[in-house]
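Here come two complexes built around chain A, the first alongside chain B, the second alongside chain C.
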Partner chain A sequence: MTDATSRSEPGIAMLGATGSGKSTFLGALQIAFTLQARDWRLWWRDAASREALIGMNTALVSEGKFPLPTSGIDTFDWILRREVERTERTGWFRTQTFTESVEVTLKLADPSGEITGSGQQGGDPRERLVEHLTTSQGILYMFDPIREHKDGDAYDKTYSLVMDMITEAAREPGFDGKLPHHVAICVTKLDDPRVFKTAAELDVLDWDEDHPLGFPRVLDSDARVLLDKLCEISRNGNADVVPKLFEQYFHAGRIRYYVTSSVGFMVNKRTRRLDVRDTENVYRMASGRSLVRSPVHPVNVVEPVRWLVERSVPSARVPLP
Partner chain B sequence: MTGEQIPVRAQWALHGKNTGGEGYRILAYSTGDLSGEHFADALSRFQLGALDTLPQVSVSYAQHGSRPGGSYLALAIHWFARDGQRFANGVLPLDNHGRPTAFTSYFCLPYRPLAAGTVSYLAMYEALRAVTLPVENGPPLELAITAPATEIPGIDDLAMRVAALLLTDRPVCVLGADETSVDERLRFIDAAMGLLPYGFRSRMTAATWTRSTYRDHRFRLFFSSAPRSEEQLDHVVTWGEPDMVRIPDGAAGEYFDWLIDKVNPLAVLPRLSTEIGFGPKAAIRALESVDGVRPQPAPATPRKADRRDPPLATAADGDSIEQALLKCAAYAEQPNLPRLRPEIGFLKRSADSGEIVDGDRERYRELIASLRLLRPNHLLEKYEERLYAALLALAFGKPLGYEGYCQVEDCLKIRPGTPPHPALLHAIERGGISDLLTAGIVYSHATSPDERSRKKWLGARNAQLDVAAMIGRLARDWDRPQHARIATDLTVDYLKGASSRYEPQQVRHALRQHGFLAAALSKRHPGEDQYQVYTLYQFLKAAYPGGLGRQTVVEILTATPTVPTPALLGAVLMQLPQPGDRRLAHEMYVYGSLTLMNVDSAMAHRLLSLTPPRDALAITAGAPPP
Partner chain C sequence: MIGDDEKVHGALCDELARLNGTGFTVAEFGATGATVFRVRRDEHGTPQPKLRRLTAADLAGHDAFYRAYAPAFIATTSAGLPAEVSELLPGADGVPVYDCPTPLETHLLAAIRDSPLVLGYELAVLKRVPAGRSGAGRIYLSGHHLFPPGVRRGDRVKVMVRCEPTDGDGTAFAVLTRDQRPDVAPNSQELRPFQIQSAVLPAGSHELTAVLDRPGHVLLEGLPAQLGTSARSWNELCSLVPQQLAAQDPVHLVCLIEVCGGDQDLRLRIDRLEELISEAETGARQLLVSVIAYGPHAVAWSVTEEPIAVQAWLASSAEAVAGLRRLAGRRPDEREYRRAAQLECALREIAAHLTDDYGRPVLVTAGGRPAHPRALDTDTLLIPCPDWVNWVPEFNRLAVLPGIAFGALRDRRWRGDIWQALGRDARATVDDAVNMTDFAADLGLLQVAQPVPFPFID
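For the complex of A and B:
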């Protein structure tokens, strides 16, 4: 058995309106990998990325605090590493098994929601965001259905930015009108009773009897159905254009939908399982401040990141047995 | 001394989130020359990133067209709305999502009156933090800012270095200032800017804190908890660690030298506290006093690498450590201690990094030797030993082992066994030594081989010497026989002074195994018969504390792997009071000399046949057969 290490640096940019949960998603990333994907290890090389990872993880997991809203663009270099066992044929009747270490530096850009809006065009941070987006290989798009219900500005926040990316990409010779990125569209806040109830009504909740906490999830194949339903009740009524926008300007085969909850569901303190009558894991204090209610068990946080990484770095995929 | 009041007209903007509002925006601004777009643009360019701890202050600048009087110094106070800490009325602490809103009170003050009054950022902050802004547009504010009293620039070592670094057109990041207050950090920014022409403030940007993951900010000088990524090419300095700051060559370095030359002599005046009286000789005394502490001769431009000197020419394109060695040589020669200090710090950090491989060490040693960096240089004062310590760790190993010590001798081009100069020797001692042999050599150079030095040699734990192992080593060939002599002497001293700490049986066994060291001593010290006899006598005494019996004499002179030497015979005889025993020794010496010679087997047989049997000789000499 031989060993090798392959290293890659796919940039992954986060997109989404103010308060759509981009920073909270990042804060939940390490605990999500720890709980659900222990073959991956997440760490850092530079002090700033270390400080951010530990700070966000500790605040969310240990103190139940949500991250401060981003100002400008936060950039993290977080490293994901796993060992992949591969078998190669070395002769007519011989194969050789070797372990390959795959190390991926996630260059994560977390921009403030404000600079994604159309009113920000031409500004200094906005230009940098467009540059980050254009040079990234993957995009994590956060769609907050609750926020969309109240404000209905997801399309406004997304459209102008995608157009700016097209402007940048069009400078490259041979550009065919479609951006090359892989896009993971994450419908956030599954634990919110309104989202949960909609999913239940659509019968897209997949109940895993073996889940220790009794958590359901929405399968990726059903995520688009839920998104469409949630878009119908958007305030402006044009949220349904957002997925169409992505499908028009990105390759359809490079878009995948997820339904996520960074903090997971509320776990009933007595039964230690999900209580479908009390799913939301966020507590709002009288002051208006929000806190996490029970321990953080992220839902579908690992999956979109892993998918983007595996699409950007093919060697990170686990070969089929 | 109180400074004068300078009246200014402050244009302002309040940035944050309004009640029920979603995103950050300009909430209100003054109806002066600067428009809402001006403020929005300026505020978007100079953000700090999301911070847990506010208030913080940032300073920047603004320009309104190219007309005279259109330049402004800008100061922003970034704050959370909390009870008892509000810089604006009618704002809510949390946004719609229950998250704290970070507000910014942004002020633009006309540059010219501030420059005329040499107003500091801290003075601006003092005046502006008293302002409570409205949430509706309004007229500019009329303020009075107190100009600081005239004072000699403080000699803040770090600020002096940062001032020079700011001239390199690369941002400067200050770490390790977590425990300081906003005022202290702003005062530091002032201190650094106070060492540059005031006019630089018209284009200066600085912040008392920035989020480390917010990489795209445009501050030239900023505090943070961690460096930004390497892509930003920031100079990173640490609060309270001026010695770690390396000053680059070129114009910025020359400016730093100029600062040292001009600021140091003035700033040192308060420290000259020896009582001096006024009178006819006051001026002379003052000059004497100043001359006595004048820190440096006027620093010259670092000596350019001598193109005729091959190592220098090679290193001109070499790695950063080679560059630092070249700089050390130049600054040590001038000498220029303020410039030398950070280079030493850099070498020390490089040595401690653990990333230097043997090939690098060899190159560094060659460069150190050719630059003569280990030569004595008392002009370096306390930095002399620090330089040696850094060089030793970098190129010779830390703790220093025997191989490294030999390389030091080579580098100094001194005869092996000759003491290095005292400052270097002291640096070697302080840097730590990895083995007893090197320790022995160093301490034998440092002090006379008395009890105290022996204890130092054996270390604080008063380690027990493995005498048998040492005898084995002394029996081997040495590239540097002078070192063997030192080791031999130290071993003899140990045996003489610590009879209770070794087993004579072990010493005997080791000596027999190695021919009582007679051949090794004879080979290493030909012609030094007295030394050989004395040393062998001491070894025999240690091995046979009860004296030599007749059988032992036979063993020593005939039953070892090597031919007995005259010195060994002498050492044996000196321990034999009886004439019969001495006769036996003579016989055995002859027997051993003939039978232990290095000849082929035929000749060995022949010699043996020509020699009376050993038993017979022993009986003749009155001894029992062995």
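For the complex of A and C:
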């Protein structure tokens, strides 16, 4: 058996309004890989990335608290590695099996929600964000339907950034008006009763009878339907323009929708399973900070990251068990 | 001249012992004139002296004086008598004359005080016609023997009586004699009170001690309240004797108190419930009190569930108040759920145990948070009860208990339909001035009681 390692640095940027759950998503990422994709391992190369990963993980898992919102841009160099066994024919009657290690550097940028807004054009952090977005190969876009219901500013936060990216990309010769990135649009907070109820009413909840906690998920193929419905009930009614914006300025085939919950559903302490009468796994305390109510079991956190990685590093594309 | 104080006393005692319907007269001659005392027994057999100072006309003639007053003896209280009085002194064979420096009135009252009873004394009490007799169970007024004839002052007897809840004029304690006409059966003989006192006493049994102070006056001791003059006449009291006792069911007051939030809010709720218990205690009915405390459900696995706490159950008012006070000083957890409390589970707990066996239930809830809903509620977004309890059927289970009343002492910022239901019969805001008398009256805790004017004797 021989060993080979392929490396790539795809760079994945995160976008989303303040409180849309970007930091929580990152905090849940290692837990999600540990629980769902144990052949993948996540680690770091620099102290800042280590501190960030351990801090977020500890807050969520041990303390039941949420990572504090990002100020400015936090950039983490995290490494995702998996080993893949491949068998190849080496002659007329001979094959050889070898293990290929796929190692992907995630350059994850978690900008604060404030600097993504249209009123922040021209500032230094803003310029760094636009540069990072433009040079990244994938974008994780966090769409918070609850925030949209209250504030309805997703379009405002997204439009100007995409326009800035177009401005940057237009400098490249041969630019055809579409940005080359892969975009995973994550509809967050599936555990929130309003999102959950909307999904249930649309009949897009997919129940896996074998799931140990009885969690449902929304299939990727149904995610856009749920997003459309949630956009309908947003405060200013502009939210449905956001997916259209992406579809207009990115290649439609490079956009995928996911419905996620970084902390997962509330698990009933007595039955140790989800009870659909009480799904929300977050409680906002008197201090304003949030508390995770039951153990974190992320829903659809691995999938969008894995998809972006696989699009960037084709050799990493191995079906998960 | 013969005599001294002792002889006067002895003579008066002899006269009192012989005293019958016609009475006797004694006279006192002093420096300022002559006085006669006419002594007769009243209808209770008590000697009653009547004093008359003689005028010049009364002193007009020796024979006329003796014909008019026929004194049993004469006491002279001064050596220097006026001439017209000296002329009235008898001859050697006349009525005895005692030289007595002490006023005759003093001797007379002392002799009466020491004289024995000639009629038995009884306490006015209520009794029931025994089973098997016509009108069995009916209440009637009767006398309970305290002192038989012949007893003198200082004699004492203990009596166990039972006071029923009554109105604000309290229970009357009347000492009486009977009109002992031989042609009337003892049970039908007229009762004649000579002493009527009353007091508002707690319902229940009391042992009193009757002490004969003197003929015509009995001290009643050992009751939990001081007896005073009765505001009602004997006839009024007799007219109020009921044939039957109205249903005066005891009350079981259940105080349900929310412990959520800060200590200031909690103390307000405690104070108001204490006021209510105190008000109910004066409601002249048997009162049992329970105290149940409830907080929020644990919102997260990392938060310890604070169970419903029974501070007192079917207890006295004092025990219940002590249970309430033990709740003060609670420190809330920062992670405590702020938007609801486990009111639905508290109602379920009460509904499982509360009956009307120990009295008419009165449920008073002090708090302000809504109950946790039975399931996901996307309107309120309240976290559901982990046991999926619905407060509505639990409330309805309680509402069918006979006679139950619901009162709510609500926080200023109360929320939830449940508080409308819990305040069905009475409601007030804890941080306002609460007219607790009205509040208690609305719950039937101060229901005007049936007058039961006399104590019962079993």
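Assume the second predicted complex is superposed on the first by the 316 of 321 C-alpha atoms of A that agree within 3 Å, B and C clash if a C-alpha of one lies under 4 Å from a C-alpha of the other, contacts with A are read in each partner's own complex, and residues count from 1 in each chain.
Note that a contact is a pair of C-beta atoms (placed from the backbone, for glycine too) under 8 Å apart; a residue touches a chain by one contact, two chains touch by 3 or more.
Fair warning: this is a prediction, and the values are worked out from it, not measured in the lab.
Annotation: superposed three-chain arrangement on chain A; chain B versus chain C shows no clash, the two fitting side by side.
Contacts of A:G64 after superposition on the shared chain: chain C is touched, whereas chain B is not. Applying the stated contact rule after C-alpha superposition, one finds that A:T279 touches chain C and leaves chain B untouched. When both complexes are overlaid on chain A, the residue A:P193 reaches chain C alone and has no touch with chain B. Touch criterion met: A:P295 reaches chain C, while chain B stays clear of it. Centred on chain A, the angle reaching out to chain B and chain C in the chain A superposition, using CA centres, is 100 degrees in steps of 10.
In the superposed model, A:H211 lies in contact with neither chain B nor chain C. Contact with both chain B and chain C is seen for A:S287 once the two complexes are overlaid on the shared chain.
More residues of chain A are touched by B (comparison of chain B with chain C).
In the superposition on chain A, A:K244 makes contact with neither chain B nor chain C.
Between chain B and chain C the least C-alpha distance in the superposed model amounts to 13 Å. On chain A, the surface patch touched by chain B in one complex and by chain C in the other comprises residues 285, 287.
Residues 299-302, 334-338, 374-378, 381, 383-384, 386, 388 of chain C touch chain A in their complex. Across the complex, chain A meets chain C through its residues 64, 193-194, 196-197, 268-270, 276-280, 283, 285-287, 291-295. Residues of chain B touching chain A in their complex: 22-24, 40-41, 44-45, 47-52, 93-100, 102, 211-217, 224-230.
Of all residues in chain A, those touching chain B in their complex are 18-19, 46-52, 66-77, 112-114, 117, 123-125, 128, 150-151, 153, 284-285, 287-290.
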